[in-house]
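Chain nomenclature is as follows: A, B, C, D, E, F, G and H, assigned in order of appearance, with residue numbering initiated at 1 for each chain independently.
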Amino acid sequence: LRRGYPEAIYCEYKSIVQIRAIAAAVRDRAHEQSGVISPVLFTRASAEQAEAVLAELPDAVHHEDAKLVVWPTTPPEPTGGLVVVAAAGTSDLAVAREAELTARYLGRRTVLVVDVGVAGLHRVLGRLDVLREAAVVVVVAGMDGALPSVVAGLVRTPVVAVPTSVGYGAAFEGLAPLLSMLNSCSPGVGVVNIDNGYGGGHLAAQIAANGNPDTA
Amino acid sequence: LRRGYPEAIYCEYKSIVQIRAIAAAVRDRAHEQSGVISPVLFTRASAEQAEAVLAELPDAVHHEDAKLVVWPTTPPEPTGGLVVVAAAGTSDLAVAREAELTARYLGRRTVLVVDVGVAGLHRVLGRLDVLREAAVVVVVAGMDGALPSVVAGLVRTPVVAVPTSVGYGAAFEGLAPLLSMLNSCSPGVGVVNIDNGYGGGHLAAQIAANGNPDTA
Amino acid sequence: LRRGYPEAIYCEYKSIVQIRAIAAAVRDRAHEQSGVISPVLFTRASAEQAEAVLAELPDAVHHEDAKLVVWPTTPPEPTGGLVVVAAAGTSDLAVAREAELTARYLGRRTVLVVDVGVAGLHRVLGRLDVLREAAVVVVVAGMDGALPSVVAGLVRTPVVAVPTSVGYGAAFEGLAPLLSMLNSCSPGVGVVNIDNGYGGGHLAAQIAANGNPDTA
Amino acid sequence: LRRGYPEAIYCEYKSIVQIRAIAAAVRDRAHEQSGVISPVLFTRASAEQAEAVLAELPDAVHHEDAKLVVWPTTPPEPTGGLVVVAAAGTSDLAVAREAELTARYLGRRTVLVVDVGVAGLHRVLGRLDVLREAAVVVVVAGMDGALPSVVAGLVRTPVVAVPTSVGYGAAFEGLAPLLSMLNSCSPGVGVVNIDNGYGGGHLAAQIAANGNPDTA
Amino acid sequence: LRRGYPEAIYCEYKSIVQIRAIAAAVRDRAHEQSGVISPVLFTRASAEQAEAVLAELPDAVHHEDAKLVVWPTTPPEPTGGLVVVAAAGTSDLAVAREAELTARYLGRRTVLVVDVGVAGLHRVLGRLDVLREAAVVVVVAGMDGALPSVVAGLVRTPVVAVPTSVGYGAAFEGLAPLLSMLNSCSPGVGVVNIDNGYGGGHLAAQIAANGNPDTA
Amino acid sequence: LRRGYPEAIYCEYKSIVQIRAIAAAVRDRAHEQSGVISPVLFTRASAEQAEAVLAELPDAVHHEDAKLVVWPTTPPEPTGGLVVVAAAGTSDLAVAREAELTARYLGRRTVLVVDVGVAGLHRVLGRLDVLREAAVVVVVAGMDGALPSVVAGLVRTPVVAVPTSVGYGAAFEGLAPLLSMLNSCSPGVGVVNIDNGYGGGHLAAQIAANGNPDTA
Amino acid sequence: LRRGYPEAIYCEYKSIVQIRAIAAAVRDRAHEQSGVISPVLFTRASAEQAEAVLAELPDAVHHEDAKLVVWPTTPPEPTGGLVVVAAAGTSDLAVAREAELTARYLGRRTVLVVDVGVAGLHRVLGRLDVLREAAVVVVVAGMDGALPSVVAGLVRTPVVAVPTSVGYGAAFEGLAPLLSMLNSCSPGVGVVNIDNGYGGGHLAAQIAANGNPDTA
Amino acid sequence: LRRGYPEAIYCEYKSIVQIRAIAAAVRDRAHEQSGVISPVLFTRASAEQAEAVLAELPDAVHHEDAKLVVWPTTPPEPTGGLVVVAAAGTSDLAVAREAELTARYLGRRTVLVVDVGVAGLHRVLGRLDVLREAAVVVVVAGMDGALPSVVAGLVRTPVVAVPTSVGYGAAFEGLAPLLSMLNSCSPGVGVVNIDNGYGGGHLAAQIAANGNPDTA
């Protein structure tokens, strides 16, 4: 395990054979170790890849909505501050769930807030209470990627922005929200890769490692 | 005059000699005509180009903040609905003023609202009254280009979005707000070219030609 | 319903399960309400997604050519001005139909004009009469995206330009017509996203809300 | 001389010292040769570079409007078909003149038609007679680059399209008209580099080498 | 028929239903006409689309290697100059054949030269004789797109360059050879769209309409 | 003051007149207030703009190396964790200093580490001690942008990555390091805009608000 | 054979019919030749294409992990220096194996080093011994493409960098590592096309033709 | 000194003050050392920056044509194989000279071949003898970047390709030749950054460290 955090296997460009070999190696290594095992995350797993993992690690859990397989299944007892994950629309849900679960398996309490896109401001304003409880907010959005700017203007804590590939042609597979987020007119926004829920959740968990935000 | 609207001379790629010749031709043509003359707009005029126009048309007006020279100077008596121009930041002011003046010279009443970027939502929410009086809102913004999505979610009328080239490197000279605006998650947004205040004001004036918005 | 217009569900990135749940919620909400229900639009619905909607809302109408499902099926009695939708070629027809139906369900009279690309100017010139009756013209084109510039030069009313992803390699999935339209040498053109017939029809319906164009 | 055509020196990235050395070499080589000398073109010459050429070749001609210096000054007696160069706007004139002069120095008769952009179709339709006399038409345009598609739809002969860097931000220094022209919906359009009047004139002269167009 | 050339139907974005309707209309229109019928080209036809055409026009010919269906099947008696089509590699063959057949159906004699990429210069130098017989050379190449520059340096006649989408990742679906060709260091190259064999063949046929090249 | 942090004026697109007016307003507002004033930052100030600020606020401090003017001059007493700013090369120093000073004026202790690019790994490995003391590391790098991946692999705490526009042509004004950083193979990296030292320092100060990193 | 190296057939854009014909021609040509035959490489062969080759050349070898078919199967006796191929992650393995096998069939000794990405520096530092034995190192990496910069800083010998298309959205199919590698802050890095293991292995074999590196 | 090669200072983004301090440090460090000093290269030095270096190191040599300052001035006695640098045109000369001098100061014999662009193939074919003597060929070219493909097809040795920013608009500051070179249809080409003569010369010197090429 690299510097103390759970290990993650990024499945997207790996063959079924490779995935299965990795899962077997994870199991064998655990047998050799004694004591507590930190969870291993298989991210972006297709149905077929998830099956390959489960063939070697039958007691792993498959979070289909997040394309995530985790073994062992129980997240650690939460420490640090609250991670709030806010998704602009239903289409961003898979990425948002990946972020949320990642943060939880890294040891944070999490809350998921959905359907708070800026086209209807009352929706995000209606959730200000929970947003302001967070030690960090992960904002997941496609299309115009405007939500992180709005949220960062409403909270004192850092915002982790995750662009998604959701949108019409000129979204160019996530380029439009990515650029929006990098150009946020509110300071306090750090951006991760397109559709990278794992990366967003990981960074958020690190930021929130030390407890609740400064509420001065 | 093309189909009844004031003529515009786009100065940016023209030499001083060319500009002066065009200004002279405008004056001579006016002498040959009798009766009312529709205003001619010299857009994006540098200081030197403005001087060249004034050398031939000494009674023209030079709106320096909008890089606009107009002759004859008086806009027509306003008709139709109200055009509201909203600028996200101080840096967007030149483009916003070009849009406002263009709409006024095309015969509309106009109001300019400034410094209403989404980093401080209270600013735009504090101007909801005037935004909702408009027949059309022209929204001028650089950086994340998030303001049109927010405004379009707050009003029933069409929004004309004008991206500006204001921003750090990854704004790529206006590409970031341009893409944001094309991907607006609120319907009812039509986009024009980067920094094209003239184009935005012209389209708005056409949209507002018929009076106040439907307030049903 | 957001600010009084019909609601739209953008299906493209949603799962069958999500679509079906949304359709069920639409139906349930209608039962709770009394009186007239504004139409709900399911845009860009695949065959399979359309089926999922119809499973919950069996009396919805499926406009296959526009990839649109609507419930309840009857558009409102038309008000305001005429929306003319002009498509450059047969390949642009699906997007053009989406625009037309959207405008109709938002309460406008519509006319669809097809196969009027600029390669044969007589075709667009032969339809000048209907184009000049419009309160707004939606122009749908791929490839060189030249039609909006030509149409905007022929009419006094605003033009809503919808680029499509139709074309050879250097069209880059709609980038070429998108850039053409943003650079229109005729003023009075507002651009929406690539293949976004819904967005184009919505904006046009808003522009035409107030009746026939100024014919001065 | 490469395969029988006049030689061209592209000045843009060369130092004054390099330009002057090349001009001297041209002069010296001519002294060594007997008989007729084919013209040498110095293209895209800045004022300072033109001076450097004239210092070595005092009887060269400097066409300032085309940024072109030629020596010896007299074009050959014209042969082949007519080359018509059509420029969309005043701002495209420098590139159009470079194309025209290049074709003339390569031995063709030429006609220059200006200000025939598609925003006012009557302008290009009013010049149909001369366009249809051409063996080839060179169309020079910036912004939406729509003119070549329109012209190619009106004539039987080949069209050489030259995009220019004229336009607002989203023209991206000529990218917008370049893509438009490559995606022309009329067949019969060959495209050259942005602002490359020399290239357009050269290709046109080659195409028109054989006389008037087929008028069947 | 537009300005006297055969009509072409670009199949790529059309449905089977649309293709079949167009084929039927072509047939019906022919019945109404008397005398000679100019060929109609269905370009980029998939196997299924070709079948749809043949269902309505059973005596059409399907050139599978070029994805082309033509009706009536006999090209006109050739006139004008020779069109030589040169393909860099085997992978460029489909596009090259589309160009060749298009030129032939537009009434030109054609020769196809294959596998003459610049990685082995002897290959193209070994075909100099046939290249120099041409009135125009169509050069089809992917990857580095270097062949048109080399060919244009070897012949006096115009070169029509057709980039293809063949290549590794950084070819970006034909962008690399497209840019190469637009930047050809040899003058006399006109470029058409990526994979657009039809466009290249059409332009070449127009250029060669007047007979053999000037061989002075 | 927006949500409790110092205010920042981004100078880059503002005129001298605008800058001076803003500085005057800052001074006047301070007079109206009683008690402690939070510092105001004028970022990316040119020499001339800095002078304009100093004309109204003569006791402001001008950090030339960071293009930053601040008034009042004294940063708050530091709280929270340590912010370490690491710059890959000498050329990245201006952006790194802007980040460092911003964090300090937002109330954090800071350390600046320079010339630790990955071309000589011993340089960054030699500073591991200070990197591991940080609550957050801001990594500033141009060219290949490889440093954040390396640093994030060495520390447990979050990394804020700031790409710079330093580099040869294919750096494309900072695009290359921006993309590298977004694609970091080490988790825990949040990216801000190109050359945006202010943004990087601000985010870091927010992350470090709660004290030293978890050293479990 | 071009200039003495084995021939390669790039299969990716070729039909089964074309592949089979080429394989047959290879076999027939070999029959006509006497003596030693240099290996022929079929690169990027799909399962189906590999089968087509084997149908004509049944004793060829199919390296599935590298998508490579070779005939005859035995590589030449190694000469020159050692080629080390280093792959950042498991997902880069196919490309790395293609590079390794290409170098071996061109006559070099090779070693493959895997899973040495910069997120865990100890991995690459732990293989310094073998990296410093190489005459040339081929580095294969996707995502941030940071490994070549790190390796080139550790060895005296040239580095051949092969970007792969592995990564999330903002890797843009290999663009991100490609740009990183071109902007390497360590000198001594030559870059080949995205996923082009063949090209990387070929260049490395040429570089290592002369024996072990200068160890001065 | 990093791993035994001369040190290089890349001047382009450094201030005069920074450059002068580095030059002074170089001098002071030399005083502290005894014995032979390896040359230090100041690359891409503007006239003013070169002066700053010479103020501290008066006996340094300034190669103006290559924008290079070196101290001490004498290159080492050459070892290894010959480095041939081939420049397509006069405009590429500065970059080519930077490559040549870098290789020489790294201890190689060098030859510079100029004006061998592919528009006139006889020029490069006329220098085949010297190209085939090389242990490595550095090819410097802008525009279509076709020369490396042609050269790599003519020689057995590796080719280092250096794209330059020379060209018309669609060269996009060197992007066109960069992509061409990455897509070379001849194997054996490694590419460095746009205009990076230093990088090209450095890599070539490393490749040629071991003597003359294999001439089997």
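What we mean here is this: contacts are C-beta pairs under 8 Å (C-beta built on N, C-alpha and C of every residue); 3 or more make two chains touch, one makes a residue touch a chain.
Quick caveat, the model's predicted, so the values are computed rather than measured.
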Test of understanding: which option in C-D, B-F or F-G shares over half of the contact pairs of E-G, residue numbers taken as the match? B-F
Expressed in whole Å, how far the mean CA point of chain D lies from that of chain E is 26
Could you put a whole-Å number on the gap between the CA centroids of chain B and chain D? 36
Centre-of-Cα separation between chain H and chain C, whole angstrom: 57
Using the touch rule from the top of the page, what residues of chain E touch 2 or more other chains? 2, 119-120, 153-154, 167-168, 170-171, 175, 178, 182-183, 193, 199
Every pair of chains that touch: which are they? A-B, A-C, A-F, A-G, B-C, B-D, B-F, C-D, C-E, D-E, D-H, E-G, E-H, F-G, F-H, G-H
The answer for chain F against chain G in the complex is residues 88-89, 117-121, 125, 143-146, 149-150, 152-154, 167-168, 170-172, 175-177, 179-186
Show which residues of chain F lie in contact with chain H when the two form their complex. 90-91, 93, 119-120, 142, 166-171
In the complex, the residues of chain A that touch chain F are 2-5, 8, 80-81, 135, 153-158, 160, 178, 182-183, 187-193, 198-199, 202-203, 206-207, 209-214, 216
State the interface residues of chain D toward chain H in the complex, per the touch definition above. 2, 10, 12-14, 18, 22, 163, 165, 173-175, 178, 193-196, 199
